[in-house]
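Letters A, B, C and D mark the chains as written, and numbering starts fresh at 1 in each.
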Amino acid sequence: MRYTIFGESHGPAIGVTLEGVTPGLEVDMELMGRELSRRAPKPDGLSTSRREADQVHILSGLFEGKTTGTPLTLVIQNSDQHSTDYEALRYTPRPSHGDYAGFIGSKGNLDYRGGGHFSGRLTAPLVAAGAVAKQLLAQQGVWVWSHISAIYGILDRAWEDVEELKAIADKPFPVLDDARGEEMRQAILEAKNDQDSVGGSIECVVAGLPAGFGAPDFGRNVEGIFSQYLFAVPAVKAVAFGAGVGFSYMRGTEANDPFEVKDGKVLTKTNHAGGINGGITNGMPVVFEATLRPTPSIGLPQESVDLRTGEEVEIEITGRHDPCVVHRAVPVIEAAAALAACEVLGI
Amino acid sequence: MRYTIFGESHGPAIGVTLEGVTPGLEVDMELMGRELSRRAPKPDGLSTSRREADQVHILSGLFEGKTTGTPLTLVIQNSDQHSTDYEALRYTPRPSHGDYAGFIGSKGNLDYRGGGHFSGRLTAPLVAAGAVAKQLLAQQGVWVWSHISAIYGILDRAWEDVEELKAIADKPFPVLDDARGEEMRQAILEAKNDQDSVGGSIECVVAGLPAGFGAPDFGRNVEGIFSQYLFAVPAVKAVAFGAGVGFSYMRGTEANDPFEVKDGKVLTKTNHAGGINGGITNGMPVVFEATLRPTPSIGLPQESVDLRTGEEVEIEITGRHDPCVVHRAVPVIEAAAALAACEVLGI
Amino acid sequence: MRYTIFGESHGPAIGVTLEGVTPGLEVDMELMGRELSRRAPKPDGLSTSRREADQVHILSGLFEGKTTGTPLTLVIQNSDQHSTDYEALRYTPRPSHGDYAGFIGSKGNLDYRGGGHFSGRLTAPLVAAGAVAKQLLAQQGVWVWSHISAIYGILDRAWEDVEELKAIADKPFPVLDDARGEEMRQAILEAKNDQDSVGGSIECVVAGLPAGFGAPDFGRNVEGIFSQYLFAVPAVKAVAFGAGVGFSYMRGTEANDPFEVKDGKVLTKTNHAGGINGGITNGMPVVFEATLRPTPSIGLPQESVDLRTGEEVEIEITGRHDPCVVHRAVPVIEAAAALAACEVLGI
Amino acid sequence: MRYTIFGESHGPAIGVTLEGVTPGLEVDMELMGRELSRRAPKPDGLSTSRREADQVHILSGLFEGKTTGTPLTLVIQNSDQHSTDYEALRYTPRPSHGDYAGFIGSKGNLDYRGGGHFSGRLTAPLVAAGAVAKQLLAQQGVWVWSHISAIYGILDRAWEDVEELKAIADKPFPVLDDARGEEMRQAILEAKNDQDSVGGSIECVVAGLPAGFGAPDFGRNVEGIFSQYLFAVPAVKAVAFGAGVGFSYMRGTEANDPFEVKDGKVLTKTNHAGGINGGITNGMPVVFEATLRPTPSIGLPQESVDLRTGEEVEIEITGRHDPCVVHRAVPVIEAAAALAACEVLGI
């Protein structure tokens, strides 16, 4: 299965084409809607005030409610666009956005309105594609769960059992420790109040992958496959498996996962490896953390450059923005993980 | 350019095939040898005592010293193998090695001797391929530099100028702060003394990449491309760009990189983004950190399982091992980065 | 540039996504419309009576009329569908259609209406994509021309100069020898009268490709690249370059193309090789012939099998069909060739 | 499974790397040797007098005689090279060889000796790879058979049953009608006598492929997959499935394959489609014909150009050459078909 996301924030529509979908899958449109509404901005003060209906239209690849195996194209019409908010920024790139790099890469032909193809809005079709991937995985006994592991330095507690993560999946702000969650919300509201933004991390678990999938080699190793899907999510700047960056502080005795046998199954007592050894699944849950940068769109004045004159200028970003994207990104990271897991399993 | 690494630690040979090499490159065999000797174990007490000649034989793709554009196959014969060291471990996988995952994945047909295809020895052909990539990059004014940023929690100081990194490139233990380097060495020696091992991190800089290469999309975004090459290096468990995991602790005002104009060039005053916005190079150096787990081969007894009987057993790993692979991995990470940079540039 | 065609004949829409499009191309919608109308059925008695408006809507990848380099999605809404014509055939596959193979491949989830994803209608988005490719090629001085070389054994005369092909490009029935063209039309009308169909061939020339593109190797050789695009066109069953099948009747002295120098350019006096030696362009026009099978949809009773009962049954195909697709396929083959040429050139 | 062939005719070695090989296959080295000797030149006057030992060395991917799933690299050392035969031709390309196109493509860095990477000698590793593919197919009940269908216009008779093809597989000159075979041999000897060469065709059958594999789409359709492997064989200039070019002379009533049911299996009474409908296997044998051009190396004087001076010159090719490669190409075409069939089946 291969996905291609198309569209621009202020173009006619955004969407995704999935190739190589297993035929005969009864697509659960309700599940897809639920995943999309997890991603949708909510009137909680923590998100943009842009309202997105995110109604998915299926153009192809479905017959009588089931996939046919031919390319499955899902489209979401755009609406509630305030393009004029962006006109002033056409030639003055917003710091740490894709504006400047995209302007150069497109030889000046960037659709700058609302972030264009770089917009976080493009994660909606990704979530829709992920809903299909999740259904395929569920048929194999594979599940994807996650929680917000950190926002602005406030860490959620560690999970002990996958069931804990499953239990919080439908929360609008999925954390294990609600007190920490409240602190995180406060940090977001304070940033918003200061016309600023905050970053954070999402920890994700893919449970049920059997041992033996993947390879150590380029293009086939499981960490490499997952990372490619994850870095294609806007704002993701770091991907770490298992103990991740913590390995840098560890000794082998701490880091190694001793084997054990339970009910005839070979397991490891700990899972510092995050379910992957030598680029191959080892039967333990695949665990990773993705770090997302603070939203670059902040209300405070910032230093830019006028690409027409080459002069330094100060800009102010108007428009509607998220002071934090981490909580909305939870289903997005899960979608990327689900698509990656499908590639690992070859489904 | 596409690389395929082949070989097993105790097989007849290891090697790499590079496809799509630019024709007409005068391959600098001395540079290749220098890169390989940076990777080679040294009699410094910090590395394995296995001696590796790493003499590269070119089987194809070279004529009168220049690449022809046809597949370039480099081979290194194996020698100094002590296969009997491994016989006892054939059915009792070493914790946190690829042994178990590889056994399942190969349906029991794993070449278990010396780690087989999972061996760190396979990074020698990667370094050889990287030397070719570095030459191609040099022709475009692109250079790859790095330092050991951490070992067992001891951090090197931050770099301020690429020249600093260039200056330490030939050091056997490349750190910016030699006092910290000495502490790191001590940590390795202590671990070795305890029959243990330590992990660490390498920070790498790719300087000279022009703005505008890459895309936000899956398969084409620069972070995704780099990460796929980096996770194909054994022991790498985390990859972070720019401020990386630190973004999780930051506000937008701290994280954003203000633009400035210098000598008519658009730059950013800081480089928290690590040279990449929206998956596209922005003209600043690409900066990333790769974290490597502690060597799983440690001398202490460990818990395993006998794959024939399904019973829990205790194993002791004999043979010669590195108490730390981080310092030897520096040219390996650079090689992976160089190959990734070639893909980004389409050379 | 990579294309993905999606849609089913009787689904809501058909379309194509082009990835990796050169940014800054001012898409010539008039050219695209012209190409589509070359493909459209005409009230000439030689084609289906289904009317197709083929209005292209651009969903993404275009800004102010120019490509941005992000995925370009073109959509054509479906209309004038008579799905009930097909209900009777749901479980009784039409001989030599994709029905049976598609039914098995989709595990019974085939959209059987109007040929579904197998329909010749899916060549409309291919022609639209080809129009973009032709524009990109024109910028490089590369042009694609063709003629109907045979229908039901009636052969057009050989071309002598590319200008001849250029001159007939806008003809509804592009042949060099109009008398032969008239014979071909008669053969089609006779077949139609007999509720039968006829096959034929299209010869195509890609002029202006510089020497030195391609490689002898799998995945990179020019014949292999072209053939993959051409066999993705429904009904194509044979692809031959230069003298093609005729090589089987030749000696080396007849087949070899002697070199000559003209105006300082190295050319060959003949072009039996069809512009390709060793899988690499040699600077002469790339010439190939694609053979298309007779339309399998014929009005006469045919032997099928009921996939529910496993019993042999006789079927009659109703609905509207082309007694010959060759003349309508001319712009389709050109589109496939144009996309292939873009891949060869790396644009 | 993906193959990469490397090497040059007069370099140190030629070889192939197979990635993604099914683990646990006991590689039948005797079968591989038998296939290679089918390809080897024989002292029958019909082939080059170059003697090739073609001893295969396995560098990687095999352990205790079985594949491990890691890259399998097979190497054949070169010997009996007469490089001086080629010096005179360095800058005067041989008509219809890859010399000129390769010279331009490599920016003048072509290994011109003995055809370099373009040499027919490179088909030896392809045959070795094909032997592995044939073993994998045999485990699935899939077999590849073929015969010389034409040489210099002399046609072998049509096959009626796959068993006929099986019966002639070990013949040095595999034809169904030995009288025709004798005529073909005569044609080759006459061409040789005239310092000329002849072309021909090979018809190949892949029996046992189940229905439902493939797709109509680019990159996944069965004809496209096969053609890419076949055109990567030197000298192949046309590929036709089933009735192939003959479709151009047919009506639908003649071309369509009526269904029938035999022993509960859905079959077709004829197989004009060559086992493929809509790009998908239909359960009938996949049948194709590949046409190979006459060997461009002929002894007669030919017109070339001096690439240094740009002047027209006459050249004479010395060295040892095949007056016909068709009979030696039989196992090569089968190898390409076997690799293609593995891709179709996803093994």
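Going forward, a contact is a pair of C-beta atoms (placed from the backbone, for glycine too) under 8 Å apart; a residue touches a chain by one contact, two chains touch by 3 or more.
In this text, all values refer to a predicted model and were calculated from it rather than measured experimentally.
Asks: Please indicate which chain is farthest from chain C, where distance is taken between mean Cα coordinates of the chains.
Replies: B
Asks: State the pair with the higher C-beta contact count; candidates are A-B and B-D.
Replies: Output for the comparison: A-B.
Asks: Could you put a whole-Å number on the gap between the CA centroids of chain B and chain D?
Replies: From the centre of chain B to the centre of chain D is 39 Å.
Asks: Would you kindly tell me how far, in whole Å, the mean C-alpha position of chain B lies from that of chain A?
Replies: That pair's centroid distance is 27 Å.
Asks: Going through chain D residue by residue, note those that touch at least 2 other chains and give them in order.
Replies: 4-5, 19, 69-71, 105, 107, 117, 215-217
Asks: Which positions of chain B touch chain C when the two form their complex?
Replies: Going through chain B, the ones touching chain C are 19-20, 69-71, 215-217, 220, 346.
Asks: Considering only the defined contacts, which chain C positions touch chain D in the complex?
Replies: Per the stated touch rule, the residues are 3-5, 93, 95-102, 104-105, 107, 117-118, 122, 150-153, 191, 194, 196-201, 211-219, 221, 223-224, 227-229, 231-232, 234, 236-245, 247-261, 264, 266, 268-269, 272-274, 276-283, 291-298, 300, 302-305, 307, 310-312.
Asks: In their complex, what parts of chain D are in touch with chain B?
Replies: Residue list for chain D touching chain B: 4-8, 11-15, 17, 19, 23-24, 57-64, 66-73, 75, 105-111, 116-117.
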